[in-house]
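Have a look at these structures, which come just after this line.
After this come two complexes, each holding chain A, first together with chain B and then together with chain C.
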Partner chain A sequence: MKLTRVSSWLLVKRVAIAGILVVVLLVPQLFSTFFASSIGVQSLVLGIAAASIIFLNAVVGMVSLAQTALYGVAAYTTAKLAVDLGVDPWLAALVAVGVTVVVALLFGAVASRSEGIYFLMITLASAVITYYFFSQVTAFGSHEGINGVTPPALLGKPFVDPTGMYYGALISSVLIYLLVRYLRRTPFGYALQGVRDESIRMRALGFNVPLLRTAAFAVGAFIAAIGGVLLVWYNSSISPGTIDLTRTIDLLTIAVIGGLGRLEGAWLGALLFTVIQTYSPRYTDRFETLIGLVFLAVVLTSPGGIAGIAGSLDRWVQRRLAGRTA
Partner chain B sequence: MAASPPDARALRVRGLSCRFGGVKAVSNVDLDVAGGERRAILGPNGAGKTTLFNLLFGEIFPSAGQVEVFGQDVTLIPARKRIKLGLTRTYQTSRLFPLLSVAENIYVAVLGAEGGHLRPLRLHRDDEFRARAQGIASRVGLSDRLDIVVGSLSHGEQRQLEVALALAGKPRIMMLDEPAAGLSPAERGSLTDLLLSLDPAVTLLVVEHDMDVALRVAQRVTVMHEGRVVAEGTPAEIRGNQLVHDLYLGRPRGSAEEPHARR
Partner chain C sequence: MIPRRIRAELAHRFAGGLALLVLVVAVAWVLARAFGVVGGTANVPLFIVVTLNGLTLAALYFIVASGFTLIFGLMRVVNMAHGSLYLLGGYIGLRLVEHRVNYWLALVLAALAIGVVGLVMQQVFLRWNQGQDLRQALITIAISVVLADQMIPTFGAAAVAIKAPDGLNSAVRFGLYDIRYPTFRLVVLGLAVLIGVSLWYGIQHTRFGMIIRAGVDDRAMTSALGVNVQAVLAVTFFVGALLAGLGGVLGGTMIALAPGQDASFLLSSLVVVIVGGMGSLAGALFGALALGLVAQLSGVYLPAGYTNFSILLTFALLVFVLAVRPIGLFGRR
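Up next is the complex of A and B:
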């Protein structure tokens, strides 16, 4: 008796998740062009960027404020290569991801000997340096940024027909999700989790903790870079305003609302953020206040964010069902 | 002294000192431990036992003195490289990976000793490592707790896992910092049995407050007080040592000899 109730809940849950996945899969067919583009593509791209924050926090225990800047490095490199040098967009993207990882290795090498709030401050410093670099250097258009970036033909024109762009971002998101899941179960992933839990013990066990942190930071940058490439293709331009401190805090807000402990939270937080950002101007011009209230509500009810709420709801229902028949 | 072959002596310490500002936490310590010896280090709180451990393990570096492990000067070799020399240790307050399972904790320790932990691919030796982790778990009596998340283990089980992590590194010298801290009498008994069952070739250094554990396991005992070594001998000698009694139990008021000169 007890088993059937709980297992029927598990079935309901599976059907619900499958339903959500089907909707996510058919967004370009089910919704308007505007929705698929402004909500669909945007939240997937922001989700990828937020996923780089959550990966670093959940697996290695490092909260980084440099992820917006790093995705800016990828976006700027893509734009510079494609617009000014006429490089093929795919090649430009590949180089951009590589450049971002190298920059992250430098930033990471500096930051990796610290932890906690000190790590956070050093990554913030890297973010500010990156912002000023791109807003001052004329080769990158200084305040104007770089305009006229066209995505590869395969992805189409995001505002006319977002289908290609949407699936590009969706496939990237799924691959990143699977990559992190896989990585957690490798020796490297276990070493990172050890660093997260007890870095002094890890050193005694023979691990090079700063090196592991730096490598993890590079993996985080790789994820953020994919977001940056998609971002610049989607917006067809990049300017310093896209990587300033406000955007840095926006991305952290997305990660916290979604849930810093679970990777899927990145996309949940990004979706909620994008929906509020897109539709709130119809009702109020106080977007910042609104998102602040949502942030407070989520943080006060669940430290694990939306992903955490979903998890505890699931456990609560299971307990109730098991308890009532017992 | 100079005649003994280098490998007969696992540990040779000369003039080891460590200052924290004005405090001399460890002061001019000499220590010789033979290979395979079981040595207990006793002393009241603040005697410098844990600082000595941190110095021997390279987690902090001394202000003076020298540490040799199997004849090699290791004074300035950082902690993470000491596992290659056969040195492993445990901590006074458990330092475990609370979000990972028991099996995963020991697996990480095996990985650390074997290297290759930057490899983002599953290792072909993974099965071997996991089997080794299981073997170690059963040696410390945790084989039925393999899949339990460490954060939800009892304190006693966490202390057993501490020893397991030190065993995973194939140690030649194991340093245990108060392994019995907070254990029940029954748990102390099984810990003592575990320590007595270790490979006799492994050199054991145990900091311990619990005399029953320390004096049963140890062949020789070093007593520290205020950063200095104040006595050394067999457990029987130490049991009969008046100075040690005074340090641990206090002296009758007005007795003539001051065991530790205070400034």
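Up next is the complex of A and C:
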């Protein structure tokens, strides 16, 4: 009897997750254009960017504030190549991802000898400096930014029909999720987790810890860059306001609300953030205050975020079901 | 094949040498431009004014960053709301001066008010999370988001400046090259020196300072010796926040107050203490001087067309220091 109760709960859970996935898969068919675009596409794109923060924290134990700046680098490169030089969007995207990874290798090399709170501060400094760079250099449109970016024909026009863009972002999200899952089980992934748990012991074992950290940072930048490319295609423009400190902290908020320990938290946090962002103006002018208070509440009460709450709820139900018959 | 250990040492030496070389070249370049050896005519008055701008900006950075580094040094708390406290202090000072409160009284009141805000923040949110430095940083980030967003409707989004006290709102004349320089900026420089000396004396030569230093080195032992460490932590946070508020009023008078300055002063505090070394007063002084002078001089003396890249030099400064000494120039392990 005991086994059936627990396993029937597991079945219910599986069915529920499958149901949610089906809804996610059919968003453009089930919901309005506005919802599919403003909530659907936006939370997938922000989720990808937040996933790069969570990947770095969950696997290597580094909380980076540079991810917004890095997706900004990708977005700016895509926009610059496509608008000013007339490069094909796919090629522009490819180059942008490459450029972002190179920039990340530089930032990572600077920050990789530090850990914990020092790493956070150095990446924050990198992020703010990137913001000032783009807001001052006229080749990137300084305060205006770059407008008129068109996504590839395959993805369609995001505001007229978001279907193409939505599936583009969904496929990217799934691939990134699978990539991180795969990466965790490679020797590289295990080395990174070793750095997370015992960096001194790893060094004593002969691993080059700063190099591993830098490499992980580059992987994180790769993820963020995909988010950046999708972002600039979705918004059709990029300006310094998209990568300023407020946005940097918004992205951190998404990762923290979703849960810094589990990758799927990125998209949960992004969904909650986007819903609050889209619907709160009906009730209040002060969206940032609202999101700041949600952030504060999550940090104070549940460091695991939504994903953490869901996880402990699941364990609690399983314990209760197992305990009642025992 | 050279062993890895020696290779790392060589790379380290090379980075140090390169940093020194860049420094020498940069100083030589600025002096050559200023005295007309390259790039056309000499302009010594401009050089003096720009250097003074750099020094007075460094003074402001030092006042703000010394509070940041004090809190970090003792409590390992990275106060991400430090920039918000700076801006809030400035706005409180502005309101007081607008209501015809004497400038210096307003300065003191605003600084005390921010000290209290900081103290409340520490007691309510941070005290029970001691040792969880990442969580504390996240908490202060959340507080800074709320503060920044609440300041816009309360104090407006336009840039405003605090009126300098009578007698100090004009320019002084040097006997040199007929230069006129804003008096208030020199006052800020003087105040920074005063604050620096008092902090140094307070930390090195008073009983309270001794307790702070002991707490930095070994908090558990200090507590075991009968010191009320919680009270020391509270006072430190109060003083650190107070310095941010003080800087806010002075900066609001010297430059201006606007949304976004919380971010820029948080950044400057970060760069100052990363370059100088976390928790070190001498490091904060050195970092502030480096940042202030690089920011001002590069804006003028970079080759024409590249002056808007000056922000990248700040990053270069950070990179060089971290390459040579990852713990900052005056940092201790």
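Methods note: the second predicted complex is superposed on the first by the 324 of 326 C-alpha atoms of A that agree within 3 Å, B and C clash if a C-alpha of one lies under 4 Å from a C-alpha of the other, contacts with A are read in each partner's own complex, and residues count from 1 in each chain.
Basically, a contact is a pair of C-beta atoms (placed from the backbone, for glycine too) under 8 Å apart; a residue touches a chain by one contact, two chains touch by 3 or more.
Predicted model only: the values in this text are computed from it and were never measured.
Asker: More residues of chain A are touched by which partner: chain B or chain C?
Answerer: In the superposed model, C touches more residues of chain A.
Asker: Looking at the overlay, does A:Leu183 come into contact with chain B only (first), chain C only (second), both, or neither?
Answerer: In the superposition, A:Leu183 touches chain B alone.
Asker: Applying the touch criterion given at the start, work out whether A:Ala104 contacts chain B, chain C, both or neither, answering first, second, both or neither.
Answerer: A:Ala104 sits against neither chain B nor chain C.
Asker: Applying the document's definition of touch, where does A:Leu44 land relative to chain B and chain C: first, second, both, or neither?
Answerer: Neither partner.
Asker: After superposition on the shared chain, which partner residues are touched by A:Ala266: those of chain B (first), chain C (second), both, or neither?
Answerer: So A:Ala266 meets neither chain B nor chain C here.
Asker: If we overlay the two complexes on their shared chain A, which of chain B and chain C does A:Ile146 touch? Say first, second, both or neither.
Answerer: neither
Asker: What is the contact status of A:Glu198 with respect to chain B (first) and chain C (second): first, second, both, or neither?
Answerer: first
Asker: Residues on chain A in contact with chain B in one complex and with chain C in the other?
Answerer: none
Asker: What part of chain A is in contact with chain C in the complex they form?
Answerer: Residues 63, 110-111, 113-114, 116-118, 120-122, 124-126, 128-129, 132-133, 136-138, 142, 244-246, 249, 252-253, 256, 285-289, 291-293, 295-296, 299-300, 303 of chain A touch chain C in their complex.
Asker: Which bits of chain A are touching chain B when the two form their complex?
Answerer: Answer in residue numbers: 183, 185-191, 193-194, 196-198, 200-209, 211-212, 215.
Asker: Under the touch definition given earlier, write down the residues of chain B that touch chain A in their complex.
Answerer: So the residues of chain B touching chain A come out as 57, 59, 78-84, 88-89, 91, 95-100, 104, 107-109, 111-113, 115-123, 126, 165, 168-169.
Asker: Please output the residues of chain C touching chain A within their complex, sorted ascending.
Answerer: 76, 78, 125, 133-135, 137-139, 141-146, 148-150, 153, 260, 263-264, 266-267, 270-271, 274, 278, 308-309, 311-312, 314-315, 318-319, 322-323, 326
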